[in-house]
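Scrolling down, you'll hit the structures one after another.
Across the two complexes that follow, chain A remains constant while its partner is chain B and subsequently chain C.
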Partner chain A sequence: MSSTITSWGDKNPARLRTTNLIRIGFAIVLLIGWEAISRSGIFLRDVVPSLGPIALAIFKLVQNPVFYANLQATAFEIAMALGIGSALGIACGIIIGSRPFLSAAFEPYIYYMAPTPRIIFFPVMIMWFGVGVASKIALGAMSCFFVVALATADGMRQIDRVLIRVGRSFRATSLQMAFKIYLPAMRIPVLNGIRLGFGTAVVTALLAETKLSNQGLGFMVMQTYSRFDMPSLYGLLIIIFIIAGLGNAVLGRFANTAHHS
Partner chain B sequence: MTLAAPSTTHAVQSQSKDNALTVDNVYKQFGANDAPVIAVDHMSFDVRQGEFVTVIGPSGCGKSTLFSIIGGLMGDYQGQVRVGNEPINGPHPAVGMVFQEESTFPWRNVIENVAFPLELNGIGKAERHERAQHFINMVGLAGFEKRLPSELSGGMRQRVSIARTLVSQPKILLMDEPFAALDEQTRLLLGDKITQIQQELNQTTLLITHNLTEAVQLSDRIVVMTYRPGRVKRIIDIDLPRPRTSDVVSSAAFGKYVAEIWGDLREEASRGMADSESHAVKDAARG
Partner chain C sequence: MAKSLYIGPYGRWLPIAFGAMTVLGAFVLLEILLRVGVINRYIVPLPSEVLLSLPRIIVEEKVLARCRETAFEMLISSAAVIAIGVPIGVALYRYKALRNALEDWFAALAAAPIVLAFPLFLVMFGRSATTIIVMSVVSGVAPIILKTTEGLVATRPVLLNVGKSLKMTQSQMFWKILLPSALPLIFTGIRLGWTFVLISVVGTEFLINLGGLGQLINDLAERYDMPGTYAAIGFVILVSILFFISLERVEQWLGRRT
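On to the complex of A and B.
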């Protein structure tokens, strides 16, 4: 059942142990390989720094208030982008999905707009919203919107028609239909859409920060790069990787709980 | 005005004051005007206050179309459906529908399912649970309030749907083959439950079915429909004693009614069968 939701747990304990061993082993091999390459001197020492300096850089970063200010800026951008993009995406998805003629009229737009890289709209967003957080929120919300709207419109089509007839027979209002029938009936596809939307919002916001910005983790990455502070750069990348993973895991947990209720 | 055949035992009483529901000359066709499929062809009948009426007809005769029209879920038809003297225009609060398909909300437990119509009307949680509980007890599901539909049998889920409709206290209970997906024994027992509830609430009921036994077991009157176009073929009074239980199926009078209605239906059903067979042959010929 949970084919659409990443499931890391295995019911079989022996198999679970093997899986965990492989996972940990892979991480160790990766670290040893990294360290070996660093010490071999194939690349410049500064390009592939040793694990020690990277660990030290991470340790320094998590004590640096500047890091937290940037983290907060990025988290705010992503949260706002996710909130705005999801809310608009769900609303549009329900409206489009509830009327066949609307879905026929509008879905091609969304469908063909969805894979267009949002970053090309970044210059426009900068002109409209400036170089601060607002332009990143706008861009992130835009990328999140398409993913969630498509998932919702698709979820609308999967709702059991008789449940809609039940709602109509009890004379539910449009809002009641949306909140008491459509949304609970398609909570799983919608939550999965939001999870994908989160991913694209993170990508878009960070990408935009590396292009032109005055704060955020992407901005910080470019700063460390321009100082050629490679240990800090790698440390930052690892931290971003962990944060994105955690965010995804939290949303995945939500989707899973919905699955079982 | 009535287009029903002279064999109709009851004149259509559209003027009568105690008519809970009047179906007056209803006509519905699908498809283009040059090649229309007539689903309901000028049907007229009524349901009196407190009466249990069944519309019976072969598969594909337009029963479900009629159900949707009376429930207000299908517009664009000719004729009129009246609740009392008021013509309906969309779903009417006096008509409570029970659907043929599985229609409980899988994400709501039994009591939340049953309380759904009250929730739509903004009734507070304590009161709606109290009122829902009353009907849960009535359909015999006490003790299952917190269960999800997935934890219940098909017959229990259908009883949840019936309780959910009853809680909205409809003047007319409108059911479309509510037991179609159930086995014969469950069907007979649920029929008992329906009879019992109907007598307890003096519930005016219109049942739509293709099942002869069910129709005779439950009804005061039966409207027999023809196969395509769907017309009223005959309206038959069922003079079996009340209170009634499923034991009635073994009585001689019951058998006589079933035989009589089958006599009417046989011709219609075989036309329906011939029709679907010829479609199958055509489909096969087309490849």
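On to the complex of A and C.
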């Protein structure tokens, strides 16, 4: 998702005040609405717990060492998936993006495979890589690969031809061309691709953990669900959403920095 | 995608034929490697077995009925994300204070792995298609909101000035200038939103073993019917491709009309 930070750094105090007032107003309406639904009995008891127990569950979760062990397992899977998927995606994107013939031959396959839900490949990955972390990493890397490859190929086509001719006139090798010309010139689309790839890798790895796993945050979600501990389930999901949002924001900040450098 | 079609010294069809032949060649190579025992046949089925399993899973597993079920959930969710997302995006464009306050929140919603909350939706709406549709709508709406606003904001000022000089009403400005100008970005948002919808629909079917093609893959994998599992995955890829080709066609048709 493109950067949408609109209010950060806003110097106009009146506008900033209005923005904050609207935000606070919406937050209050949401919280009151939640509490009202919780007490109304529209849903079965405990399905929509009161805000107090959810806050308490979040407080207990962040003090629980088991949560950090699972967070570590998921973070490892996602980091590995992002690294492998991005590296393969960039390499493939450079190759097909630099040759129009290969682009026309293979890019349609990558383009139409990109939005396919990757979780359906989980049974295949289990057969290839086993039930441990390797199958989740492979699935996450597969998710990441397609978006990064497409973004890189697109970035390659936007590189100023003069830069490529300069590289070739210096008789740069393929590796030198990749690291000295292509990657610096297309850092913004590549970083945006990695950011999108991160999002899909997170979703895929966590979903795979909910299906078959003995560690990770997805596994923890299913454990909490099987105990029907709804406040903890809400708390855990809120924490996961915040972590995913922070990861996305950090990658977005990288992309913004690259854009302004 | 269509913009990048190659028309060089070899014409348009040669690279397409080369791509298709390469994919076919990869399957033939895989068949040979499996038959000579380089790759274990218990892990990867023969491509010919996958092909031969197609009639079986179409008849015995009622693939077409399952395709209809998955397609129904996808169509309802896809229509709903557009019906909800585009008006909210327009409202955010119209009221700048609202945009400043809430755009970051929608960006956070777009980045959140909502589909992971399927146990919550299961508890709220039961084990039914409603759960899948509601969850898919929540997953897919945020990118459409953001891209609609982005598209409308990016309208060139010169176009707006032309509209003002022609004394267009607000409604005319929207339908004749703002919407056509924002259409490419709105469709980018729809494509992103539909990707989340697809992940959510098929992913949830697979995870909770309910409904159409997702459930079929889960069933076949649990029965250790590997050729059938691969064939069912092929069907999901086919549905996904048809889904996005139809979106492209609608975009091209609308592009010609506006």
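Structural remarks
Just so we're on the same page, the second predicted complex is superposed on the first by the 248 of 261 C-alpha atoms of A that agree within 3 Å, B and C clash if a C-alpha of one lies under 4 Å from a C-alpha of the other, contacts with A are read in each partner's own complex, and residues count from 1 in each chain.
Criterion: contacts are C-beta pairs under 8 Å (C-beta built on N, C-alpha and C of every residue); 3 or more make two chains touch, one makes a residue touch a chain.
This structure is a prediction, so every number in the text was calculated from the model and none was measured.
Once the two complexes are laid over each other on the shared chain, residue contacts for A:Leu237 go to chain C alone; chain B is not touched. By the touch criterion stated above, A:Ala104 is placed in contact with chain C alone, chain B being left untouched. Once the two complexes are overlaid on the shared chain, A:Pro117 sits against chain C while remaining clear of chain B.
By the touch criterion stated above, A:Tyr225 is placed in contact with chain C alone, chain B being left untouched. Judged by the number of chain A residues each one touches, C leads among chain B and chain C. In the superposed model, A:Val131 makes contact with neither chain B nor chain C. Residues of chain B touching chain A in their complex: 71-73, 90-91, 93, 95-97, 99, 101-103, 105, 107-108, 116-117, 119-120, 168. Chain A makes touch with chain B in their complex at residues 160, 162-163, 165-166, 168-172, 176, 180-181, 184-185, 187, 261. Residues 1-7, 10, 15, 18-20, 22-23, 26, 43-44, 47-48, 100-109, 111-124, 126-128, 157, 199, 202-203, 206-207, 210-211, 218, 221-222, 225, 230, 233-234, 237, 240-241, 244-245, 248-249 of chain A are the ones that touch chain C when the two sit in their complex. By the touch criterion given at the top, residues 1, 4-6, 8, 10, 12, 14-16, 18-19, 22-23, 43-44, 97-108, 110-113, 115-120, 123-124, 142-143, 146, 150, 191-192, 194-195, 198-199, 201-203, 206-207, 214, 217-218, 221, 226, 229-230, 233, 236-237, 240-241, 244-245 of chain C touch chain A in their complex.
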